[in-house]
Amino acid sequence: MTEPGQLTDTDHVAAPGVPALAEPVVSLAGRRRETLHFALRNKKVVGALVVISGFLVLGLVAPLFTDHGPNEYVGPPAAGPSADYWFGTTTFGQDVFLQFANGIRSTFVVGLLGGGLAALIGMTVGFVAGYRGGLVDELLNMLTNIVLVLPALAVLIILHAYVGVTSVPMQAVFIGLFSWPWVARAVRAQTFSLRSREFVDLARLSGMRPLAVIRREIAPNMSSYLFMTFILLFGGSVLMAATLDFIGLGPTDAISLGLMMNSAVHWSALHLGLWWWFVPPGAAITAIVGALYVMNVGLDEVFNPKLREM
Amino acid sequence: MRRYFGRKLAIYALTFVVAVTLNWIIPRFMPGDPVLRMLTRTSVSNPEAIAPMRAYYENVFGLDVPLWKQYVNYWVELFQGNLGVSVWLFPAPVADVILHAVPYTLALLLPSILLSWWAGNKVGALAARSTWLDNTALPVSYALTATPYMWLGILLAWGLGIVAGVFPVAGGYSFELRPDWSWVFVGSLALHWFLPFLSLFLVAFGGWAIGMRNLIIYELEADYASYLAALGAPRRLIRRYAFRNALLPQITGLALQLGVLVSGALVTEIVFAYPGLGHLILQAIQNQDFFLLQGAFLFIVIGVLVANFVIDIVYVLVDPRTRTGMQGAA
Amino acid sequence: MTLQVDDLRVCYRTLMGEVRALDGVSFTVADGEIMGVVGESGCGKSTLGKSLVRLDNRMKHVGGTVTVDGEPLPIADDRAMNRFRFTSVSIIPQYAMSALNPTRRIGRLVADLLDAHGMSYAATRPELVRRLALVGLPETVLDSYPIELSGGMKQRVVLVLSTLRDPALLVADEVTSALDVSTQRAVAQTLVEFRDRGYVRGMLVVTHDISLVYQIADTIMVMYAGRLAEKAPSDVVVTEPLHPYTQLLIGALPEVGARFSERRLTGIPGRPPGLRNPPQGCRFRARCPLAFDKCAEQPPFVEVAENHQVACWKAGS
Amino acid sequence: MLRLDQVSKTFRLGAFGNRELTAVKDVSLSVDPGEVVSLIGESGSGKTTIGRMVLGLASPTKGRVTFDGVQVSGLRGRALHGYHRRVQGVFQDPFSTFNPVFKADRVFALVRDGFFGSVPAAQWRQRVETALHGVRLEPADVLDKYPHQLSGGQLQRMLIARALLLDIRLLVADEIISMLDASTRVDVLNLLGELKSSGLGVLFVTHDLALGTYISDRTVILRAGEVVEAGPTETVFTNPSHEYTRNLLAAVPHLHRRWDEPVK
Amino acid sequence: TGDDGAATPGAGGLPGPAGGGGAYPRNETLYTSGTQWGPPNSWNPIIPGYAMGTVGLAYETLFLFDPQKTELSPWLAEKGEWADKTYTLTLREGITWSDGKPLTADDVKYTAELGKIKAVPYSNLWTWLSAVDVVDARTAKFTFSDPRIQEWENWLYENPIVPKHIWESRSEADITTTANEKPVGTGPYEYLTHDQDRMVWKKKADWWATKALNLDVKPNYIVDIVNSSNEVALGLLLQGNMDLSNNFLPGIANLVKGDFKIKTYYPEPPYMLSANTAMLIPNTTKAPMNDVAFRRALASSIETKKIVEGVYGNIVRAANPTGLLPVWDQFVDQGVVSQNGFSFDTAKAKKTLADAGYKDTNNDGFVEGKDGKPVKLSLIVPAGWTDWMEAARVISAGAQAAGINVVPEFPDAGALDDARTAGTFDLVLNNWAGLSNTPWNYYNYVFQLPIQKQQFNANFARYENKTAWELVQKLARTAQDSPDFKTTISELERIHLTELPMIPLWYNGLWAQFNTAHWTNWPSSAGDAPKDLPTTWNNLWEMGSIKMLTQLKPVA
């Protein structure tokens, strides 16, 4: 039961792996430079950044050095890793490394777009519900709860099956549409506690409109939290996309890490011993998502002075 | 308390209605006509036969009445446990098809969810107090929770199944056996069950361990922990309290994760050709069996709803703050 | 003599450097004495209180000794201290509102705690109930969760709990700040009563409300910037303070009936210095109306009259 | 100037608003120019709620809050904007009144954005400095700093300066000193006293009786949302007519005078 | 409607002791897969979707079709004779149903008359059949209003006879919706048990053919494993846990050469017999596919070899330009082919386009339509059909090289069905002209008229050619051995190749790979090996696969 102005504990919940916030607001108080200072000294953050940017650069740059598409038959079929084909070739003679690099690109697109959209929706819903309270809150809360209990994958499967998904961005959008509820919940809880802060009243006395209050007063206070939320959504979207791709509901006009695994399995790479076809894509996803999670913990330590000193 | 449950129930009921309605709407307004599918399948060639066949199948699938009536019928049938007829497995009733697959899925899901939750929390709590464990278990947990279910599945199937040949990689039990309760049979069931279970368990385990570790660190920082320490309480007691309190968000976390876990199970079943729901759903998609897909979807939604509700009840039982009705901001 | 603190130095470790929150503090609390500790925010009152019971993991014992009943407290050794906590030193923390585990019934909490100390809950319970009754709480609070209690009730539960084993010394940190005037009074008087009944022998009441501490304390100790400024019987501190800081502090307190239009009160200009790099010499120098050259040297904390100690060059003369 | 007529405020609690809590019940009071009215009561007695209603941040469930005869709760958009030009508030906790993420002087920028968009920057700076001097702050000390770098007293004074940027006639001061050190309290109180002399009306909300008397002309004692006693401050304090007021006064710790008998 | 037969794991699928447990002796059991893609749930031979073996192992047809000799051979029927518009059918003697009752002409009549129910797939039989009369217990006489010989033969070997004594009590609705658990048939096997992932048949004690034809099926048990995916089948096959996989197993060519005890029908490419023809189908109602020159250019732009080798690794073979399956080689008119056939030749494709007036006016590398507008054609293939998706990519690449902008698209299979049925597509791949008793089927598939709003299973190109359609109908009424048959086919081939309403590309294989660890003497191209079709696919038992079971030899 939620009473205006109060929160049940159930509402204030972090997804597993999401560190619960000790304090609703980590008051960064303009210590941005300080934050950066600590961030750059935090091994977790730096390590994760290196991994992620490494993959990002690979995804962005590698495809530029070749003039054929990732699906073209360029080499001998089913050849193992070699100097010419670093990650070997598929049964058709496609360059696995090329697919891999392009797949990473899709992975980032899905993460950014899917995570971004989910963050946008989740935050909007959370902010509005938390700030307005009352009936609006009740309704949005209900919506959130509904979407929350609907198993996202099942919904996505249904949607994919009916609508069909042709491109990576489209897939990302669908994923984004169904992964926001926990964000909405968390943001709502935070907004709830922030909106009773007196600076919100002061902003209102200064003639600020509600949306401006949310955007210019409340959101900046949660920026670190929102950023961490986005990171988790990014990782979640990547995993979800990989899952969908794997069961053959991925984009049809592109290559992605999930699709690589899908075709590897489809074309019996396991039995034919073509491990280079299915090991790299999964490893890349694990590395990227894992790095994101680790970065999240690192950032938590950076943002939260209590943890910083442990 | 009653109001709390009333409210929860209302939300669940509403979710259910929305899910059912969505479920009803989508196939009716999307491309892919089940009647067409049946007509194509039955190889009707002469034009005269098409119209009566169409009428016949429309009747079978209940599509020959006005939309509103179809909607009402849908609900009525639903409450009679009737989810319609499968197109792909025509003429099998969807409910039947699903019921046969569900035991396998549950056999994977329940143990993997509960055990991973239990073990993850234990290990997470241990990691929070031991630097050594923290430095080993934590990175492993991160890697695990970031692993896509199917990839872990593929690796296990490949490594332990195909290369090492220790475990079978298809089916619910050996194809050479007829079901009975002999040791051989049960052993075969377990052998086929193990790898899919393991991959589900491992991925979920990582998430819980990390969650618990982080939560417990926050709990150990809490005021009540310092107070106990100031009163000379031994670490053991403080840790026990911290663990107990950290479990609460993990319980709600479980509710939040159910959907993800179910999806994980579906994909894992596909990798291991385990005869559960995941497989059925994949086939339903590939065969445009929207009725089956709908049924499976509904089933999952109901399952998740029920599980959520159970978790809600458990939560109320273990957290006094929800019981008093005068909760403070968490 | 119950408590003797000698040249206690404690600092906080931060990434920006050490904060020397207690910088050479020496005093004694006699048997049966209630000592009020006052001062502006951030002058180290809570740090003093915490140091005597439990240094949290950010605090570091730099120097000095603490003895209770002649026995030295190993305050730097968290484990060794456990033997003294609860029995010999105890604390009511500043955060009493959140000091109880929210998911345990009070009774269970007490039982767990006693159990950990090798005591029987069943045997202790009658005494517990009696003390609860003394602070006006029914036995049923033992079956309640903390959330079911009001702030004042929680405050009193913590009071009873902290003193359950009749500690020699109780540190009460801002126990009344969050309460209404009437509850405030009740809690404050309970503290006195506990002392009178011998549940606690010596008490350190940390607060910034001088008027309140004046009501219950035998002695008042004024702190400034991690050091002691003045210590004297409470009447003396209120009526004839010697340290300029104490004088200004008391002068800034409005009395009921004082009117702006009639008598203007004045505050103390400026702010206390930061403790990361405290100034040399008398730390109050910058704000002190009487400051003179000698203040560049640190004044000793000396007894100028019976039981009256001051750290000011001007006060001694 | 400000009048409250039989104002009540009821909050709906519970999942579907099925529990009610009357935070303010039939409160009537008025504040005239140059007058300081103290609103005194224990925690939860509805003081803040009244303040918020006066400021238009909440609307009364029953009764009318009027300013110069205009009903405050009916104000919207431009009219509300105009109202805030004349009526402003300062709140209890200076640290939470400043958004910790931004520099403290942003409160001035907000006023400019909200009300004086057309004033040139240089001129605006001039005005801000004048206002800061008005609250006896050295602009160099407080501008371009983050809230945590300033003291509570400085922050509270900045907030008053902010209000002074507008040609306000009424200030709602909600426990503006309770979070401050005894030494800084007095400065802020003295400042209010001076402003009052220049014709500003102040609704002074506090739970501290001693402070209530220091600057106020009239005092209103609240209990559980209801007015138990109201009148000239002198009268209320020297000659309380209500039992509750007497108990309250008795519990106040005085310097130089000990509590007589225990209050249970 | 619990399909929980005798030995099904109890309600809800949990294994129960019912039906007895235990293992199937390995040397008596044949493990197969490739037919059943979902849990077995229907043993009703009348409606499609029945469990593997329902027709073939349990129910049987009157005739088998022998693809070697391309003629029917008697099975339940002893013989059948045409006399003008009547066909007299004589049943073999001594055949009984598995419940012991004899098979009679009444059963045949009853089965044929089921077609009067509109929902029975062969209901159109009754548009040209007028009556069935029972002459005596073993003789039935069919009277036709329009004797379509080819179509009738098709019916004779494709439709199983069901026991009247059991079925007659069922209502019309029941007949088309019942799961028909515990089927009572005449075939060599009986239902034993099933589960989510398997279907188990058990050999029946006295099968009529053992006596009558000296045919004895060797496996005592047939365990058909439900396909979850082809790669799973490959795994089981490699481990020797499966004996016959009728799955599409890419990469099998490597394994056949290796030491894995895995064999295919041919030891070298194409490894498999051919099962059907994969066709590129242009929508001839749309420009520029309505222009035969354009279609010809498209046909020459496709490098089928690359599909055969690159995508399939040589387990399929390129199609003859006529598209007729290899079994009909005798009907391929080489003259027509050499004169009108097409082959991969990008230059020629370009020339054909140029000659027909298609030019690249905007220099984007692709020709524009005759109206000057850019041409962009989508070639649709169902998402998830990975081999076809790859093939579509090859086709598009070839077309683009020739200047035709073809883009592969992979809609959901349902959307693709809709597009193909409604005719909204540009280009589509389809292979529904499969192995059958007569080339008539193939041409019926290519030329069928009239064009309807929805084309369900033929002439997706929506190509209208009355002459061709008349020839197809004529073919239906012509006996295969009459010389007329051959000339009619030649004429059809000529029309097909000059008009190219559909472009035959390659023959999909009759996927079949065997593991010889437990069973040997599999069908093979080797000299003395059996030549039966090595498959468990539905409809193929009746083409002689059933005989494969009688030839198998257990490894001791």
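Every chain is named by a letter (A, B, C, D and E) in the order it is written, and numbering of its residues begins at 1.
One rule holds for everything that comes next: contacts are C-beta pairs under 8 Å (C-beta built on N, C-alpha and C of every residue); 3 or more make two chains touch, one makes a residue touch a chain.
All of these numbers come straight from a predicted model, not from anything done at the bench.
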item	value
Between B-E and C-D, the pair joined by more C-beta contacts	B-E
Reference chain E; chain at largest CA-centroid distance	C
Distance from chain D to chain B - Cα centre to Cα centre, in angstrom	55
Chain B-chain E separation of Cα centroids, rounded to whole Å	38
Centroid distance [mean C-alpha coordinates] between chain E and chain D, Å	87
Rounded Å distance between chain A and chain E, as computed from the means of their C-alpha atoms	46
Touching two or more other chains - residue numbers and ranges from chain D	14-15
Chain A residues counted as touching two or more neighbouring chains	1, 3, 160-162, 248-249, 265, 270-271
Of all residues in chain B, the ones touching two or more other chains	3-4, 7, 31-32, 162, 248, 270, 286, 288, 319, 321, 327-328
Contacting residues of chain C [partner chain D, same complex]	40-41, 136, 180-182, 184-186, 188-189, 208-212, 214-215, 238-239, 248-250, 252-261, 264-268, 271
Residues on chain B engaged by chain C in the complex (per definition of touch)	222-224, 226-234, 236-237, 241, 244-245, 248, 318-321, 324, 326-328
Interfacial residue positions of chain D with respect to chain A in the complex	11-15, 52, 55, 57, 81, 84, 88-89, 91-93, 96-103, 107, 110-111, 113-115, 146-148, 159
Contact set on chain A toward chain D in their complex	1-5, 25, 27-31, 197-199, 201-208, 217, 220-221, 223
Chain B-facing residues of chain C, complex	53-54, 56, 81-87, 90-91, 93, 95, 98-105, 112-113, 116-117, 145, 147-148, 158, 161-162
